[in-house]
Amino acid sequence: MTIREALREGLREALAGDPRVLLIGEDVGRYGGSYAVSKGLLEEFGPDRIRDAPLSELAFTGAGIGAALGGLRPIIEIMTVNFSLLALDQLVNTAAALRHMSGGQFSVPLVVRMTTGAGRQLGAQHSHCFDGWYAHVPGLKVLVPATVTDARYMLGAALADPDPVVVLEHAQLYNQSGALTGRPEPAEMWRATVRRPGRDISLIAWGGMLPRTLAAADSLAETGIDAEVIDLRSLRPLDDERLLASVRRARRALVVDEAWRTAGFAAEISARLMEGALYELDAPVARVCGAEVPMPYAAHLENAALPQTADIFRVARELVRGAPA
Amino acid sequence: MTIREALREGLREALAGDPRVLLIGEDVGRYGGSYAVSKGLLEEFGPDRIRDAPLSELAFTGAGIGAALGGLRPIIEIMTVNFSLLALDQLVNTAAALRHMSGGQFSVPLVVRMTTGAGRQLGAQHSHCFDGWYAHVPGLKVLVPATVTDARYMLGAALADPDPVVVLEHAQLYNQSGALTGRPEPAEMWRATVRRPGRDISLIAWGGMLPRTLAAADSLAETGIDAEVIDLRSLRPLDDERLLASVRRARRALVVDEAWRTAGFAAEISARLMEGALYELDAPVARVCGAEVPMPYAAHLENAALPQTADIFRVARELVRGAPA
Amino acid sequence: MTLHGLYPVPLPRDECTDLLRQMLRIRRFEEACAQWYGLQKIRGFLHLYIGEEAVATGVIRALADEDAIVATYREHGHALVRGIPANSVMAEMFGKVTGCSRGRGGSMHLFDATRRFYGGNAIVGGGLPLAAGLALADRMQHRARVTACFFGEGAVAEGAFHESMNLAALWKLPVLFCCENNDYAMGTSLERSQSQTDLCARAASYGMPAEAVDGMDVVAVALAARAAVAAVRAGTGPRFLELRTYRFRAHSMFDPELYRDKSEVALWRERGPLHTFSDRLKAQASLTEEDFLAIDAAVTAEIRDAVEFAERSPLEPVEDLLRDVHTPSAVP
Amino acid sequence: MTLHGLYPVPLPRDECTDLLRQMLRIRRFEEACAQWYGLQKIRGFLHLYIGEEAVATGVIRALADEDAIVATYREHGHALVRGIPANSVMAEMFGKVTGCSRGRGGSMHLFDATRRFYGGNAIVGGGLPLAAGLALADRMQHRARVTACFFGEGAVAEGAFHESMNLAALWKLPVLFCCENNDYAMGTSLERSQSQTDLCARAASYGMPAEAVDGMDVVAVALAARAAVAAVRAGTGPRFLELRTYRFRAHSMFDPELYRDKSEVALWRERGPLHTFSDRLKAQASLTEEDFLAIDAAVTAEIRDAVEFAERSPLEPVEDLLRDVHTPSAVP
């Protein structure tokens, strides 16, 4: 099963199981979903519940908030995270703030799905990674599926939550296939997990960076370095406990983040390890991040701007073995 | 001279010295500026150059970009940083990206001024701090004046720059007064500076947090702790050199950031110190940040949500003396 | 624009008294606010509705309990007319835990879930998408409810206005858009902010029935609102009311009012919604001076009590600062 | 909508030939793009303009060199007609350093500063504010220049459209808004995205003169554009042209076209701008079949050369990745 199919199954289950659930977004219906995630759902659930919206990101996101207040369980699809900047005001100033600023009177059970990430030669306006921005906002929660099983069940976890949840789906993962393992405990969806145990270094990743981090761990194994790979899964709340436990064991850590380095989410991980594990660290926590540049179209430049398996491998090996003389 | 007056003098000088300079924003003219920064300029420079805009943050910010491309030197005033979310798409996807994605053909000499920060009981939608978000974006530069002299001359530095510069003015600073010292070297405006030298700990702040950080340093002095206070001034580019030099001397550091803790700009400082000074640190770099909560209106809650002098003092003392038993 | 003001008031006497009393409640409430702001018991931004009372009063009295309201930062009047007790609104202004948002919202963020009062939104235009969504929920769940959405004429320039108007019209959502045209957005007059100053023409361009109403005449507002609410409730899609009004006070307590002449304000004050309405009622003998004084005395007492209540109410414990960032739930 | 197509073409012969040649250049260029996309030499998103050639051709040939153009992600045609050499546009598609954006922009981000071609914007509606600003600079610097801003009918739903239209009309900015109404935004037809499907009525609601033009007829477009450009240049404020057209191909190379019938496409293809125009020219004897073949041969050669040029051009050195994030400057 591909991650795309797993996400679609998650949507189908949600729609079939709860008449309050609806999907709103640009081209989710007639077109079949710009990344084909919602393909076929229009036929199954009709145009009211698979609701094509005009090009009005701000309004239909805000309408999702209102619909959630009105008793529905809307899933908003923002075609890509880049366009979500147009809707950010509603997410930050209304969705995230409403409950607290009303003194706890309202819940906003809204799920906002967005395709994120680079790697498809889409250029400077279609390749952003704003994971850290969404993770910055109290009142929001942020889930990032990176495996078929998580893709299949995270939507359910997000919908079960009474508060607004942003789900970031990486464009490069949609075609990945894998085995669907059993339905995880709901609470597990919100916790970091060890994708590969290891003793020498903790490699911390999430979403689109997970596959190449696992690949780097395999390469490291060939040179005798036993790397642990942590998949954060939830960026907000962040699972400090498992994160710190892993790094305290391995005494070295590397964070892989597709986003621009300065003030990206990797900085938060590094800061938390500074605060929670400084005395157990045998080396500085390293960040392997995207280059600080609007994403270029040309493949060789885009590749150079993104964290690659080889980069992760190289930096991890230096952390464990020391820099080459 | 107050910081407000200093900012106004900076504007006046820019407008008088270059006919291409104009100020665009909501109520910058007839109303006199919502924080009275531009008061009187309409009379002096006329409605074409002190240009009141409709409530259309996205369009007039984007128009600023176009005007800059067309040979003007626009200064866009976004009334408060909260509303800048509505304009963020233009800033990130056009202003910041245009030069690189066109292969270097265009410069966007745009200055965007925004009032930022909490502390005036304005509640959840008017009290944000997005310093770290703007500092995340390659293609933008971010200046944060915190003293009368910087307020007076930073606009000049921003306008002299050929690229888009965001200037974050903290609402709580406008009424602060101080002496205007001589015109600094232009390059200095982009560099961190030591506001108070000290040997025991480096306190790192910028913008609205500077006065209370200095106050905390004074209190620390009374307990025999000699704190250095660094004012970053520019968040992007960030002056690693002076930052690291200070922390390497003091071997302890504390970052003060008004923003929500998770993935705020303080995390970036901590991460850079992790990377550049780990072996010289005698204690983990600490962050004193805003509470992770939409800003409440009630004064006692707002105070509790913001870093206070006493918090900075307490955490700094613990870092130097060890936590109380 | 229909001028009902010239005719005998076509409403039963008790309804007229109610409208008058509601407007007076707003007026006295806000006069107290201004006073207590001066005493620094109320802080932050304070936007007074004085002069515009007929708008909220006329529209909201035309709504049913099950209907919803979305308002702006200038919403004390809307909250009061909706039935949020003056005590709890005033306590909110004072930042007390007995306030309708536990003191966290203040003047700009009044909320009341039980009365379907969805704020109190301080982002200009920010309420319109929300209203569309509330109405979508009603429509999809086959509830004949109306969502009344208030916003100023300044908001009409925002992208959020355009997107929401289109969405509501396209999806035939039961929203009553109520544009409070007081001719100024802070210091910017309509003609300096809109190329199209005929706001009904703007609304009509979305294929939405639109009507301009004398917003200084509470009866005109009430009648127009009733008709519009009925049409929206009947499922004919959204409607737009432009309520032509004026704010007598400054935009907020920080506004030096450089942008308009005192004489302009004076002219509009002559058309003040309170005295013109009570004069009319008196002229047609539906109200005596004694009636008026009695109502005013009761209202004044209510507001005085509210201030007292606010003053002696406790603050939210500071330990509760992080409470309700999220809804209590098992996971995560 | 004026139908010029029925009358003899009211333009000199060499102008007609030029229009035909420009349309043919776009067509052949994009046919090559589709082919090389299949061969994976061109990647990313590719949006073809095939079927819509008359729009860019008619409008852009009405502009002067000093005028500016702001376009969308479907802008190969605009770039070519503007005079960016096919070599450098094709090299851009191939991601080569000889491309008009050094290979960094690709299909969606074509730029040329010397020709005042300001992109290539992939945020729907994102170009409109930019166009307003370029025009503001002209107006304030007393230059009689026009900024032509292209966008699809889908963009009309965006807040950016509304805000920019209002700003341009309010400030009388010399912008020519060119709405390429091909009836679909990806898979969403105009009637499913706009409550007001008469786009000229929408534009007129900003007080902006607006005209609908048969966008399949290059002569109609050219004539309407000339008149509009002249009016804008004369300082009468912005204008709006709705250019009714159709895209013959899928939205992008990923689009399965589930949302429209083949028969609808076939019907529009009959009105294809290239063959109808060449037929008319032939019918009135301004063009022979040999002329046509000669033009086509020249154009085909030009495009073949462009592909060759693109293929053999070098990539930007990877060390230059960080170059031009900022303008080289002394400080900071």
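Per-chain numbering from 1; labels A, B, C and D assigned in written order.
Going forward, a residue touches a chain if its C-beta (ideal position, glycine included) is under 8 Å from a C-beta of that chain, and two chains touch if they have at least 3 such contacts.
Just so it is clear, the model here is predicted, and its values are computed rather than measured.
*Asks:* Between A-D and B-D, which chain pair shares more contacting C-beta pairs?
*Replies:* Result of the comparison of A-D and B-D: B-D.
*Asks:* Using C-alpha centres only, name the chain that sits farthest from chain B.
*Replies:* Computed centres place D farthest from chain B.
*Asks:* In whole angstrom, how far does the Cα centroid of chain B sit from the Cα centroid of chain C?
*Replies:* Distance between chain centres: 36 Å.
*Asks:* Averaging over Cα atoms per chain, report the distance between chain B and chain D in Å.
*Replies:* The answer is 41 Å.
*Asks:* Centre to centre, by mean C-alpha position, how many angstrom separate chain A and chain B?
*Replies:* 29
*Asks:* So which bits of chain B are touching at least two other chains?
*Replies:* 54, 56, 58-59, 82-83, 86, 89, 93, 100-101, 123-125, 138-139, 292-294, 296
*Asks:* Enumerate the residues of chain D that touch no fewer than two other chains.
*Replies:* In chain D, 101, 103-105, 109, 121, 123, 126, 157-160, 163, 166, 170, 192-194, 325 touch at least two other chains.
*Asks:* Touching residues of chain C toward chain A in the complex: what are they?
*Replies:* Answer in residue numbers: 68, 99-105, 109, 111-113, 118-121, 123, 126, 128-138, 140-141, 147, 159-160, 163-164, 166-167, 170, 323-327, 329-332.
*Asks:* For chain B, which residues count as touching chain A in their complex?
*Replies:* So the residues of chain B touching chain A come out as 58, 82-83, 85-86, 88-89, 92-93, 96-97, 100-101, 123-125, 128, 132-133, 135-139, 236, 238, 259-260, 262-268, 270-271, 273-275, 278, 281, 283-287, 292-294, 296.
*Asks:* If you look only at chain C, which of its residues touch chain D in the complex?
*Replies:* Counting only chain C, the residues touching chain D are 157-163, 165-166, 169-170, 192-196, 201-202, 205-208.
*Asks:* Residues of chain B touching chain C in their complex?
*Replies:* Residue list for chain B touching chain C: 26-27, 29-32, 34, 52, 54-59, 82-83, 86, 120-126, 291-294, 296-301, 304-305.
*Asks:* Mind listing the chain C positions that touch chain B in their complex?
*Replies:* Touch list, chain C to chain B: 43-45, 95-96, 101, 103-109, 121-126, 154-155, 157-159, 185-188, 192-194, 251, 254-256, 258-259, 315-316, 318, 321-322, 325.
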